[in-house]
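Starting off with a structure, shown below.
Think of it as A, B and C in the order they're written, each chain with its own count starting at 1.
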Amino acid sequence: MTGNTSTIDTLVEQKYEHGFVTDIESDTLPPGLSEDVIRGISARKKEPEWLLDWRLKAYAHWLEMEQPDWAHLNIDAIDFQDISYFSAPKSDKDRPQSLDEVDPKLLETYDKLGVPLHERARLAGVAVDAVFDSVSVGTTFKSELKKAGVIFCSFSEAVQDHPELVKKYLGSVVPQRDNFFAALNCAVFTDGSFVFIPRGVRCPMELSTYFRINAAETGQFERTLIVAEPGSHVSYLEGCTAPMRDENQLHAAVVELVALEDANIKYSTVQNWYPGDEKGVGGIYNFVTKRGDCRGARSRISWTQVETGSAITWKYPSCVLRGDDSVGEFYSVALTNNYQQADTGTKMVHIGRNTRSKIISKGISAGRGQNAYRGLVRMTPPAENARNYTQCDSMLIGKSCGAHTFPYIEVRNPSAKVEHEATTSRIGEDQLFYCLQRGISEEDAVSMIVDGFCKQVFKELPMEFAVEAKALLEVSLEGAVG
Amino acid sequence: MSRLATQLAADLPGESGSGLQWIRALRDTGARHFRKHGLPTRKDEAWKYTALGVLEQGGLRLATKTEPPSTPSSHSPPLAQAGFNLTMLDGQLLQQSGTPRAGLTVLSLADALSKDINGLQVLLESLPQGNSGDGFSALNTATLDSGVLVHVAAGTDGGRLMINWSTQAREKSLLFNTRVCVILEPDARLELLEQFESPQGNSNTCNIVLQADLGENADLQHIRFQQESEGAGLITRTEVSQQTDSEYAYFGFDLGGGLVRHDLHATLLGSGAKSDLSGAYLLDGKRHVDNHARVDHQAAGGFSEQFFRGVASGSAKAIFNTAVCVHPGADETEARQSNANILLSAKAEINTKPELEIYADEVIASHGATVGQLDEQAVFYLRSRGLNEQEARQLLTTAFCRSVSDRLRDPQLGEVISQRMMDVMPQAE
Amino acid sequence: MLRITNLHARVAGKEILKGLSLELKAGEIHAIMGPNGAGKSTLGNVLAGREGYEVTDGEVIFNGKNLLELEPEERACEGVFLAFQYPVEIPGVNNTYFLRAALNAQRKYRGEEILDSVGFLRLVREKLKILNIGDELLHRAVNEGFSGGEKKRNEIFQMAVLEPSLAILDETDSGLDIDALKTVAEGVNRLRSKDRGMIVVTHYQRLLDHIVPDRVHVLADGQLVATGGADLALKLEEQGYAWLEDGGIQTLNTDPVKQTANP
């Protein structure tokens, strides 16, 4: 296989296409974290008293917590006093009411990212709530959604317009002291998305948010809350990219999903934050807490993620299967190249009777990348006849990478059934040779084989996202075969 | 540090004991580590599911050498005939019987240490104990004295060596520390059969570290059968290092014990080495059995298999952690793991974690783990042939565990062990 | 020996058998044919006592006993044998061991002496010889890794050893090529006896070329809609099952459906 190394190297050396800095004056708080900073954030956002109290309580918890020490991540210490916790584009004072009013430079940014916002929205019928740094700047299709009774707005707007809903559900899935980064997020979150689907409504279009970290040394702490009332359906898409910087930037988001009786939430992520350069310099630290609560009977939450970016990814989109007959799903493709490290997986906590969960995880390691699946399947005593099926496959490309699997299986109900399967493989010489012999180039052969490896996950993505995910994988993987 | 750890640290002798300088230094290292880290707690990842509260409640004290072993009281019949037998009572070598085959040497560890046997120092010093979770090993090293050295000369077959472990019941609960060293020179063979059975009413804990060094092309079969009483603690660690083309086969059977922890670790240092680990655990009552099996592939072309089956009933708790680590350069490794469990009662618990860590290329690795019930289709099939439900379930559960005893190279021994398993087979509730 | 009267049964809340009646005498072979979904396999499973098959009405009297009141293993011990359509694989359970456990359970039930392994092996060899099959099945786990033909042969072999008084062969021909079919059918024919009744459930007529039945019943929508001699099977083969829906039942020259009066 050594003969292929050079091709691989070229591919590995491909530069991050989305690395550029938008030159917009930012209204940024000086670095540092204190009660005053939190009061400052809350005041700028004109938040009600209860929310400020909630933030301060979280901050108090956070001060008592210790940063987790990860067994398989190689990470420099993070100085939390060196991060700026708020950054809003100056034009904030006159928030654009429609896309036409959006700062053209911003729109240009999206163009460079390959996300022509309005076009994409129009062509694909997708409503986009774009988070540029920390403040939501543009929302489309709001009126159409309004007709259906769907609320889709920035988190800040929701706090102003639907305080009773926010108050009811905020922190009800991920408690403030859930973990170190969730607590930090609770204290300093700036913006994010809020979705509410009323009883029996099938959301008429796929909802989409595009996140982007822009200002230097700005941590992004967004917060997403989706509530699906009984019998409702929603599919939510989230895409992430970040410009190229030498420093490591911190991204610590919290996503909470609530599915009531017979509700169905599908949450898809394509994460392509800046992964750092080929020497491992820079890149995003992506420490995200995502959790769905299948609160009602027969509810369903499905997570699909394609993770190709970030220097370090640490996320475990999870499901708490509380309602009887509820269903949790997790489909993941995680790719690490160069010095990227990913520690990702899911937790499925079965509480209700006849609850079902399914986990399909595909890890691809190339370069010096380290890719770990860490998952938990827990069958609690009341989870009669609960079922889990987990399939966890790793693919190694090259000699210096690593692929790891750490599945925790905890069973305390004798009628529950858990099945876990895992394989580790490489792209076989015979597979490659077969393709080459048929006239397919090595690069094409590799992406074909990897695509096949990931197929089970890609088919869960909404169509246009699937195309994007596939392209992303190809770019991230280029030349990685050794 | 826990109350128990503080007590045990206080029980440690103040000075490093007698013997050669390197032995005293080794004991010092262990004592220092233990005084610093104490016993493992649930905060140590490897001890996530096992708390030592039950030992602490029992008021466990460190056994001192001054208490001489008396003759063993009642003892269960041995599983099989062996050419050479060792009786270990209260962690000390009480008697040897039979005639060792040519090439097989057995010495008490104290004798071996005074003679400074070739290779023993390297072996004893090689025991890794850097982690905070290694408290029991540190304690074992700190009190290094009792135990056995087994040596098989190059190119010879040591036959079957049986070690019978037991402790005698007394008023207070004692912790016995013992070290077993097994050295197989190149091309040597040995079948090591360990049996742990103590009389009822026993509340002692044994902390045994077994270190085995397998020379090139050596072959060690290691069978470990444990049917301790429900009050007894058994903390054991098996460290095996394997040179080129050596083969280690392990068969473990846990049918008893109160708090049982076994760390089984094979390191494949030479290319082409093979590690075949299998075991069954059948737990009822309040037993708590925590098995950790790990294989480190450090050389190319190695093969490892881990095959374990477990049944938990009553309010028993079974923990099973298998891990395979394929280190950089250990290319063309093949590693397989399989762990299946049956949970029979609403109060029982099974926690399993099959881990893979791969840092090398051209590796084939797979694992499967299941927790569930007997196949109801199979139960019905058996009933439709005339077996009653209980018989049907018993037959299927035994078959489930038999898949381990059937792997034994000696079918007669396999039969004896599966009969023992059948006798204790828990029923569904 | 077997009298089924007005049998109604549900599976997962759905009524599958809707008043089936049938009488079988010792020494007779009855074939039950019918389209897919008619309830053929349900009948076998109900008679064997499988869980999930709920009898809502009717009765089954077997050798004077109310069969429906018995546990599955008691039915087996009374002499009911179901040759499964899909015999389950039981990894780790040796075939010989399994069969001896079953035979001894039945002997114990009947108050007969338990067979030791020597006696059992002698019996097994004898049966293998009668059926003209090799002993390779003995050393493997129950049905594990068996081909479709091997599984069916194993069922017939078990029947030979257990010597039931009533054998129900549930689609024993499905998935078999013609050679395997012949082997299985020969086995069945060798086990025909004046003391043994058999119900042969099948979709196709081809099995009945080799196992000639005394009577043929047509099962459709949970009831026996036609009964005749062996020639009925041939007619069905020619005309298919479609006529059942076309009310073509009268066009067939058959015996009237035998109705047993409800008690």
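The definition used in the following text is that a contact is a pair of C-beta atoms (placed from the backbone, for glycine too) under 8 Å apart; a residue touches a chain by one contact, two chains touch by 3 or more.
On a predicted model such as this, the values are computed, not experimentally measured, just so you know.
Minimum number of contact steps separating chain B from chain C: 1. Among the other chains, A has the CA centre that is most remote from the centre of chain C.
Computed centre separation for the pair chain B/chain C is 51 angstrom, with centres defined by C-alpha atoms. As a whole-number value, the distance joining the C-alpha centres of chain A and chain C reads 57 Å.
One simple way to say how far apart two chains are is to compare their mean CA positions; for chain A and chain B this gives 43 Å. Residue ranges of chain B in contact with chain A, taken from their complex: 45, 328, 331, 341, 343-346, 348-373, 428-429. Taken together, the chain B residues at the contact with chain C in this complex read 375-378, 380-389, 391-392, 395-396, 399-400, 402-403, 406. Those residues of chain A that touch chain B in the complex are listed here as 1, 71, 379, 381, 394, 396, 398-426, 482. Contact residues of chain C toward chain B in the complex are 48-51, 71-73, 75-77, 81-82, 84, 87-88, 90-93, 98-99, 101-103, 105-106, 109, 141-142, 158, 162.
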